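There's a structure below that I have some questions on.
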Amino acid sequence: MILQVEDLNRSFGGVQAVKDVSFTVREGMIKAVIGPNGAGKTTLFNLISGTLRPDSGKVMLEDREITGLPPHRIAGMGIARTFQHIRLFPGMTVLENVMIGCHIHGKAGFLAGMLNLPWTWKEERRLMERACEVLGFLSLDDYMYNDALSLPYGQQRILEIARALAVGPRLLLLDEPAAGLNMRETVQMAEIIRKIKEQGITVLLVEHDMSLVMNISDEVLVLSYGEKIADDLPLRVQKDPEVIRVYLGEEDAQD
Amino acid sequence: MSLELLLQYIVAGLTYGIIYAIVAIGFNIIYNTTGIINFAQGEFVMLGGMIAVSFNAFLPLPLAILGAVIITMITGALMDIIFIRWLRSPSVLRMIIITIGLSILIREVALHIWGESVRALPYFTGNEITSLSFGGVRVSPQVLWTVGVCSVMVAGLSLFFRYTMVGRKMRATSDNRNAALLCGISTGNMVTLSFVLSAGIGAVAGCVVSPITYTQYNIGTGLAIKGFTVAILGGLGSSVGAVVGGLILGILESFSIWVLPAAYKDAIAIAILLLILFLKPSGLFGKSDVMALKEF
Amino acid sequence: MRRNVAGYLPVGLLAILVFILQVVLKTSGKEYFLTQITMSVYYSILIVGLCILMGYAGQISLGHAGFFAMGGYITAVLTTFNLLPYADLPVMKIMDMLGMFSRWQDLYGTDIMSVRPIYAGIFAVLFTIVAAYLIGIPVLKLKGHYLAMATLGFGIIIYRVVLGTPLFGEADGISDVPPFGIIGPLRVSGDMSERVMNYYIAWGLLLIGVLFLINLVNSRVGRALRAIHGAEDAANAMGVDTSGYKLRTFILSAVYAAVAGVFLTHYNGGIGPSEASVMKSVRYVAIVAIGGMANIWGALVMGLGLNFLSLRGYFGSYDDAVFGGILIVIMLFAPEGPLRREFFSRIMGLVRGEKEARG
């Protein structure tokens, strides 16, 4: 098991956003987390990646407990993430954005930086090559020197993934990677996620697009009002009466 | 320490404390409608006192105070209209720096008009040595004026926000600006009004307290940081919290003189501020979740 | 690497300008300007340090005059406090043998044994590092108004302490601070005969400081700082230790302030409480803002120019008002700094009568 989540709880002022959620992710798989709006999916991601601290419960990365560690430590241990609302660094180029992803693979600190020590040049070149590799892998290398925020929306989504991949994660958390993409771009995104899996990187993703989820996931976890209501193969989840009720219920409410 | 002395300290603390509470409420009114902390809040108190002193040279006291309050309110309105109103979603940093700049300008104008001299209004009733005795504790009538007037203002404000149409519109603006806009409320005017209101209460407080504490062109910064301490102590946005926080700070300060040199009095208040900010930024009465929601 | 050379070019050009300026002032008989220029240069060291904190790490500090005063006052106290009565203590004897004390006579001929300025200066900076560390940990967890108020509060505490403590000379401050011997004949003093040397010492220090910062900005750390400024949560999630980086930047800028304080105090031969006042802190923030926030050269130019004008008394009794006014104008019309094209087009727009819509 690469990731183990046990009895995770988190509430916001009396609203239980995540309630006693437990699940596991096996190495090398793509697992999707779905559920109606407000089901606690993004909160769950924030708890795993350290952005939020859980009220109780445990998160284990392989054998090591990572519960409540700060995000940069968790990133250093091999979990990288993207954001539902794109959070690229403004005023920085595509390359620089990805080089921030490479940050943990360098060690030049304040003193070395201020003195501009020769070994830092080599390190910078190494980080740059690493970033270029990732950009090449996701076919973004043509835009390397463009301002990150000048990219079209779909490319910005891919750049978010590139930046996370540059961290060199074993587990990649994708928060709605296809949000706002058109059909063609969504198909492209599915292709990218599959390619990432082929690299041996485990993927945990939150997604609304059901066709994408059912298409690429090995397992699907369903949340509703912060609680786990199903955790199974995609085909079985689709037939689960509880899941159908939750989704139809939501659609009724929307009508 | 005798009981009388203890009570004396408490009375002194209450007098300062209620002024801090008024400054804090001034912060709250503007913060609620705009999300801005107005660093020039203390300058309103200074302006009120200074202008009233000048007017009192040729006007009877009540008219001088009225004039001072009106002019300070106009200053508040102009601050919003000239500097704040037309900014499109400014960043917090930008707003901080603008209001700091305004506080400097007001202070410098005051310096050029009134100089560095310390001024005060005459006592409203009696003089420096008049005192009323309450079971051994001697209280200047001006203390009663200060506490009384400020209490009436706090009560009046809460009635205003609860029962008048304009007050409700201001609350609606602070709850949800866009929704208020959709309801046909001119949120821009509500913001101006919040500046006018908080300038007004500051000026009144500056007038009633000036016989006791005196006033000078540069008292604003100290008042602002103490008022902010109180606003944070009581939970930003809460009037009850501001009053309780103000009294706590006033009394703590008053007792600090007993333990430490008077020169460190201001440092005490600020140390308290830093302590609260570090330990419980939501204050004694604020809800931490609400704080997390307001981008600050 | 190519970019580094390009980055160093302005530093070299500035060094040449510094030399030319000195020659011009000498030949035109205006050498008395050197004193104010030297002082402005020291203030600019603080300002470029603050520029890294505000412009790159994105954290405001309204308490930097506090760090400046910390450096200045500590070195002033140590170098003037007479330790002769304690000279027989064992610790003192050991320190004396290590050459940490100097003996001199004050104006009235009293024998004085005090800490040698170089050690006092080093201690002042070390003390500031520890203080900035202890203050930075809780303060930098705050954001926006809270951060501004907390740093302002820190600044006021320092001001009140120096104003209310007899050891720090209360309202009079500390005078008769001895010159600071660096190495060999190089020494920081306000002595007329050493004015030219001190002009170059100050510039040398500033240029080294700027060089370090340019290196830093172009390094891995500089990139991480810009990322923190742009999207702190995302930088953190990518593995950047955001709170650690902010803290280190805060300490770095405090060190720049303390170094400036130490040198200027020895140059002036004293320090007063006005150096710790809130207005000074606000002035430094104003200068960084005018310089364009994330612009070391802008901060440097504005720091030199405005401090010089202020020291020469060009602003008269409107000194503080000028800085207040500048702050407002810059923040209203050019929050990114005036050295950009949008600023001018915006001003032109205003002149033509276009109005910005209310949001």
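Observations on the structure shown:
The first chain written gets the first letter, and so on, giving A, B and C; residue counts start at 1 in each chain.
Throughout what follows, contacts are C-beta pairs under 8 Å (C-beta built on N, C-alpha and C of every residue); 3 or more make two chains touch, one makes a residue touch a chain.
If you're wondering where the values come from, they're calculated on a predicted model, not measured in any experiment.
Ranked by how close its C-alpha mean sits to the mean of all protein C-alpha atoms, the top chain is C. Taking each chain's centre as the mean of its C-alpha atoms, the one that lies farthest from the centre of subunit B is A. Between the Cα centres of subunit B and subunit C there is a gap of 33 Å. Computed centre separation for the pair subunit A/subunit C is 43 angstrom, with centres defined by C-alpha atoms. Our note on geometry: subunit A versus subunit B, Cα centroid distance of 47 Å, whole angstroms.
Interface residues of subunit A, counted against subunit C in their complex, comprise 49-51, 70-72, 75-76, 80-81, 83, 87-92, 96, 99-101, 103-104, 106, 108-110, 112-116, 120-121, 123-124, 127, 163-164, 166-167. By the touch rule above, subunit C contacts subunit A in their complex via residues 1, 4, 212-213, 215-216, 218-224, 226-227, 230-231, 233-243, 248, 252. Remark: subunit C residues 60, 62, 138-139, 141-146, 148-150, 152-154, 156-157, 160-161, 163-165, 170, 278-279, 282, 285-286, 289, 317-318, 320-321, 323-328, 331-332, 335, 355-359 touch subunit B in the complex. Contact residues on subunit B toward subunit C in their complex (touch as defined above): 37, 39, 83, 85-94, 96-98, 100-105, 107-109, 111-112, 188, 221-222, 225, 228, 232, 261, 263-264, 266-267, 270-271, 273-274, 277-278, 281, 295-296.
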